[in-house]
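In the two complexes that follow, chain A is the common piece, with chain B as its partner first and chain C second.
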Partner chain A sequence: MEELFLSRNFKIENGHTLPVYESGGGYQRLKKALNMDSATIIDEVKKSNLRGRGGAGFPTGVKWGFMPKESELPKYLTVNADEGEPGTFKDRYIMELDPHLLIEGCIITAWTLGLRYGYIYVRGELQFAIRRLEAAIKEAYAKGYLGQKIQGKDFDFDLYVHPSGGAYICGEETGMIEGLEGKPGQPRMKPPFPAVVGAFNAPTLVNNVETIAAIPWIIERGGEWWASMGIEKNGGPKLYGLSGHIKKPGVYEAPSGVSVRELLEDYGGGMLDGSDLKGYIPGGSSCRVMLPDTLDALMGFESMREAGSSLGTGCITFMDHTTCMVRIAGRLAHFYHHESCGQCTPCREGSGWATKVLDQIENGNGRMEDLDLLLDICDNIEGNTICALGDSISIPVRSYVELFTQEFEDHIRRKGCPFPAWSLRSSASTRAEAVAGAE
Partner chain B sequence: MALAFSEESEAKFNELVSRYPNTRAALLPALFLAQEEFGWISVEVMDYLAERLELPPSQVLTTATFYTMYNKQPVGKCHVQVCTTLSCAFRGGYELLERFEDRLGIKRGESTPDGNWTLTEVECLASCGSAPMFQLTDSKGNMEYFEDLDSEEKFETVVKELESRLPNLPDPRDMH
Partner chain C sequence: MPKVTINGTEIEVDKGKSILRAAAEAGYDVPHFCYHPALSAPANCRMCLVEIEGVPKLQPGCYSQINDGMVVHTESERVVKARKAVLEFILLNHPVDCPICDQAGECKLQDYYIDYDAQESRVRTEKQNKVKAYPIGPEVVYDGERCILCTRCIRFCQEVTQTDELTIVERGDRAEIRAFPGRELDNNYSMCTVDICPVGALTARDFRFKCRVWLLTSTDSVCTGCSNGCNIHLDHFRNEVQRYRPRYNPEVNDYWMCDEGRLSYKSVHTDRQTEPKVNGATVNWHALAQAVADKLGKVEDPSQIALVISPQATCEDIFLAKRFGEETLGGVQFYLGGKLSGDSDEFLIKADKNPNTRGIEAVFGGTDSLKSFDDLLADMESGAISVLYMSGTDTPCDAETRERFVGLLDGLKLFLHQSPHAGEFADKAHIILPSCTHAEKDGTFINFDGVAQPIYQAFAGYGRSIPDWQIFLRLARAMKKPFDYTFLTQIQEEMFAASQAPEPEPEPEPEAGDDESSAPPPAE
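Entry: the complex of A and B
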């Protein structure tokens, strides 16, 4: 993209500090928003076609509309920064390299919906991001952007960082709220939805980091402008994290609806030398795996569904011809087994069972009937759990079995895996070079 | 020995508690603070936090044992956590883990007897574009990502750097 928005400050020296952020127009959008009324702002957000960027893709403006206007208890903003979906690493960059963009977005959101307190729920491993955010919040308080009577308005808003303790499940919105309340991150039954009963029993808005980071831009240039950088129902520039067997892994900004092929070739530098694309996961490991014949699919929620998978977080993992799909399925099942919170039997037991069956096939002890068994386990998990983590096991596992049936059968017939071990695959780029810079 | 926060931690603790409408919500950050101060989260530490936050000890126990970052056993001065989830596995995550095993003379999940190192295999750390990588947590509670470790030289440079830090780090086993 010619002009960058979500990653504008990534490569600017001291872009994470308040003076640099302000010199690029930062916090002017807050001042503008403070002179707009709530209904107008919500309308702009609706017009922008901004969709939840944590992976679910719910229209942000509609979600905002669910927040009750009146409440006896103070209303809360919780920003989901528990980025943990394998293959996903975009929110981390916003928090580390442009924390004020997120903070300005939080304040505008709070103004719009009358939220009194905000918590940015960051996974505990991201200590660097936590420190950057806390320093930025301190700067914002000192300038009167946070606290009481913000910019002279009848508007109080306090913002804090809450570190998680290491649990993938806290990326699920109600698991996150449990973690905010100091409890084990075991998701709640819905309804009631967080907008009605959320953190501390009060109405609570839950939005992803990248979603909130879009808000200042929508205020500055309008919802229609944001929507114009995208396709139908999917508005605005987006951060795409590209990883796997490609030349230039990294985080890149491109419009919504860019094709997978463009991301791979124009941004990611193509596959590693000598590597042929075998498959890719479009938006985090809980999505169905895709075959190379879908490379022209557009990165939108509807278009990816039509192409046979889902957009998810928009962070793509590319896999080359040396990749064993049985091993991938087993590794992912292991991940979800490790991260299951243990509340629901189908998820807790099914994920462990699937892992054992997949490892057995990979290690040469598989039986032909195991393929039906795997699908049967998936059937019994899907839709039978409190939260979506159960589906996050069954959806990908099913896709590997269905799309690579022959490879599974081959493992069983030859009693072992024909693919090479995982190995170190180097590429020229390093993080500093690859962030947000298309060729 | 009765536990007590240092003056500095006490101030941080009070500030943490002030961020939330109730004391229980301060538990996750308070556990990190306690781990920094006391080296690891023993039952004694949990009881201390329960008392300070006015919570039943069982609530502290269920939370401390649910999350992976609270060490319920002492770890080494340098806790090396190597990611081996997909994107890292594709770029040498397992080899990095094996390099550490060879270099430190321990298997994943183990600590060196001198209390200097613990090696753990962990799941995705949101560093997929800079694989292979590991996270270091030292016994002062500092965390750091070491990324793009795709050669023996880079690995050696990092290990030597960490070795030079060891003399200045307390042994978590002696911290309470």
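Entry: the complex of A and C
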């Protein structure tokens, strides 16, 4: 893309500071928004086709519409910055390189919906992002963009950074709210939804970092303009984090609905020399893995679903022919097993079971009936849990077993992993050591 | 009222009721672990998943409320499969050590496995190892491997006792229940967590490895620890009380009882006097009654006789003691015995440690006709009382006064001691009349709130002890002034007619889905 929006300040020196941000038109959008009324802004957001960028893709304008107008308790804004899914790394760039864009978005959102307090719930490991955000918030307070009587309006808004304790499950909106309240991050039953009973029992808006960061641009240039940079129902430019066996991994801004092939070849520079694409995960590890024949799928929520997976966060991991899919499935299962909060039975027990069965296959102790067992475990977890983490383990594991059945069977037949690299059964402690040993 | 269709049965239920409760009303049991009628519903065990038409995912029956026109299936193929899956998941890391588990026989996991799963294990992987026999509190022992993390105990400490001792540490399948750092599960009701634990994760230190529960016989009774009169299951084996369990009664104790009351069963088996004795010689009841009649008949002035009434006794015992004193002996002095008041709280524990103080008030029409224990001491010192007929070993006084009282006993012409327990009186008493504890007789207690509650005999009296009312019948017969009673029911009829004692109301049946802890173990 020629003009950058979400990543405009990424490559500008000191782009994270207030003076640089303001020189690029920063906080002018806030001043504009303060002269607009709430209904107009919500309308613009609806028109923009902005979809929640945390992975679920719920239309942002509709979500805003759910917030009650009147409330006895102060309403809260919680920005979900607990970015922890393997393969996903877009929000941290905004927080580290352009924190004021996020802050301005927060203030406009709060003005629109009458929110009194805002929390940016940042993944605890992102210390750099936390420091940058805190510094930026300090700057914004000093300039009167935050605090009381903002820009002379009858509008008070305080914004805080809340470092997460470091649990993937706190990225689930109600888990995050529990964490914010100082409790163990265990998702709540819904309903009631956070818009009705959220943080501290008050109505709470939960939005992703990238979603909020889009708001200033929608205010500046209008919802229709934003929607024009995308496909049907998926509006606006988006950040794509590309990783895996490609030449230029990194975060790139491209319109919604760009094809995977375009992202891989035009932005990511193509696969590494000598690498053949074996599969890719389109939007974070909880999505179904996809085969190379779907490279022309468009990066939109509906189009990805039609192609057999989901857009998720839009951060793609490309895997080449040297990748052992059993090991990948096992590695992902390990992650979800480790991160399962342990609250409800199917996820707590099923994630561990699936992990152990996958390890068993990878380590050469698998049996053919284990494949059916794996699918059955996935079946039994899926849809039966309190939150979506249960689905996050069953959906990918099922996809690996279904799409790479041959490879799983090979493991079982050969009683071990056919790939000559580091494996779980290896005594080598690092990948480098194992590769050296294999050669 | 909203109408719902559950498994084809259309019923009307109150608004806001959970599907689980509604299904119970329609006669369908929805299995559940984490749901308890007295606690909030976290819907974490996923055992109660039900199918609602028009809702794509299965929904937890304990959490989902009914809506008008809802069509629910609790036994459909999907539900049965999900239930089976949840049981398989729970058993995945469960040690299945039923042969050495105290919960075996009253374990919901066992029951549901038989009812809904009963399949061969598909598990080849290793189980998680967790803490075993962890002393989570002074009265309770925790087994992490058996724990299914339903959080009932945590919610009990949050919502019922509001002491907040427990939490979950770690996450995923490494999660365990623990007390917060520096604390332990040490509140007055901590052993209720053992009752509500659906599996053998929390066991009572007192009952651990003591008796298999299927050997227990359960008798409905009332705790005698204080005047609250918590309803209990008195579980006994071979004429020995093994434990008390609270019995559901929303008017009195709900599902709970205090630890002190729960452990008060031990008094049934300690310090018992079992043989009728006259001047230290063991005699039979007939000879004893003759001796008592002989001695009491010789007392010229009945006002010299002090009859100490104990509020530890049942209404029937007190009623007959009153008639024995007023009619058989005529004009004796009544004194009030019983235990000294103690600690209380705002929940179940009452300061009055006697189960039947209100019973005395009902039978005597107030306590004005009874003199206090201090009066008894004064009258004994002044010589106004020379014959003491004492029921019970308890004295409502401090240790010093009790010592003085025991000293004064030597000056009595005649001291009759009628009690299940010996106390310090065994050597002092001229005549020992061994009576039964509440576990060995039928009767009625009236609690602090005026609720009359029946107790039932669990087993025969220790040794040759008999209930107090039978003792009075024997004595009256020996004194040639027999009462016209043979059975306790005859006494009750007359007592309820003659006194202000309210008749016990029929026990409230647990509401549908409220069956927690009210189900007795299978009879012997």
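Worth a mention:
Note that in this section the second predicted complex is superposed on the first by the 421 of 439 C-alpha atoms of A that agree within 3 Å, B and C clash if a C-alpha of one lies under 4 Å from a C-alpha of the other, contacts with A are read in each partner's own complex, and residues count from 1 in each chain.
What we mean here is this: a residue touches a chain if its C-beta (ideal position, glycine included) is under 8 Å from a C-beta of that chain, and two chains touch if they have at least 3 such contacts.
A quick note: this is a predicted structure, and the numbers were derived from the prediction, not measured.
Counting the residues of chain A that each partner touches, chain B and chain C differ, and the larger count belongs to B. Legend: residue contacts after superposition of the two complexes on their common chain; A:Arg123 is shown touching chain B, with no touch to chain C.
When both complexes are overlaid on chain A, the residue A:Glu339 reaches chain B and chain C alike.
In the superposed pair of complexes, A:Gly24 makes contact with neither chain B nor chain C.
Legend: residue contacts after superposition of the two complexes on their common chain; A:Gly147 is shown touching neither chain B nor chain C. In the superposed model, A:Ser285 makes contact with chain B only, not with chain C.
By the touch criterion defined above, A:Leu242 reaches chain B but does not reach chain C. Once the two complexes are laid over each other on the shared chain, residue contacts for A:Gly182 go to chain B alone; chain C is not touched.
Once the two complexes are laid over each other on the shared chain, residue contacts for A:Tyr160 go to chain B alone; chain C is not touched. Touch criterion met: A:Met319 reaches chain B, while chain C stays clear of it. On chain A, the surface patch touched by chain B in one complex and by chain C in the other comprises residues 167, 184, 338-339, 341.
Within the complex formed with chain A, the chain C residues making contact are 42-47, 49, 56-58, 60, 63, 81-82, 85-86, 88-90, 92-93, 122-126, 128, 148-149, 167-168, 170-175. Considering their complex, residues 167, 169, 184, 189, 337-346, 348-353, 356-357, 360, 367, 373, 379-380, 383-386 of chain A touch chain C. Here chain B touches chain A in the complex through residues 19, 21-22, 24-29, 31-32, 59, 62-63, 66-70, 85-87, 89-96, 123-132, 135, 142-145, 147-148, 150-151, going by the rule given at the top. Taken in their complex, chain A has these residues touching chain B: 83-89, 91-92, 123-128, 160, 162-168, 179-185, 200, 241-245, 249-251, 281, 285, 315, 317, 319, 323, 328, 331-332, 335, 338-339, 341, 421-427, 430-431, 434.
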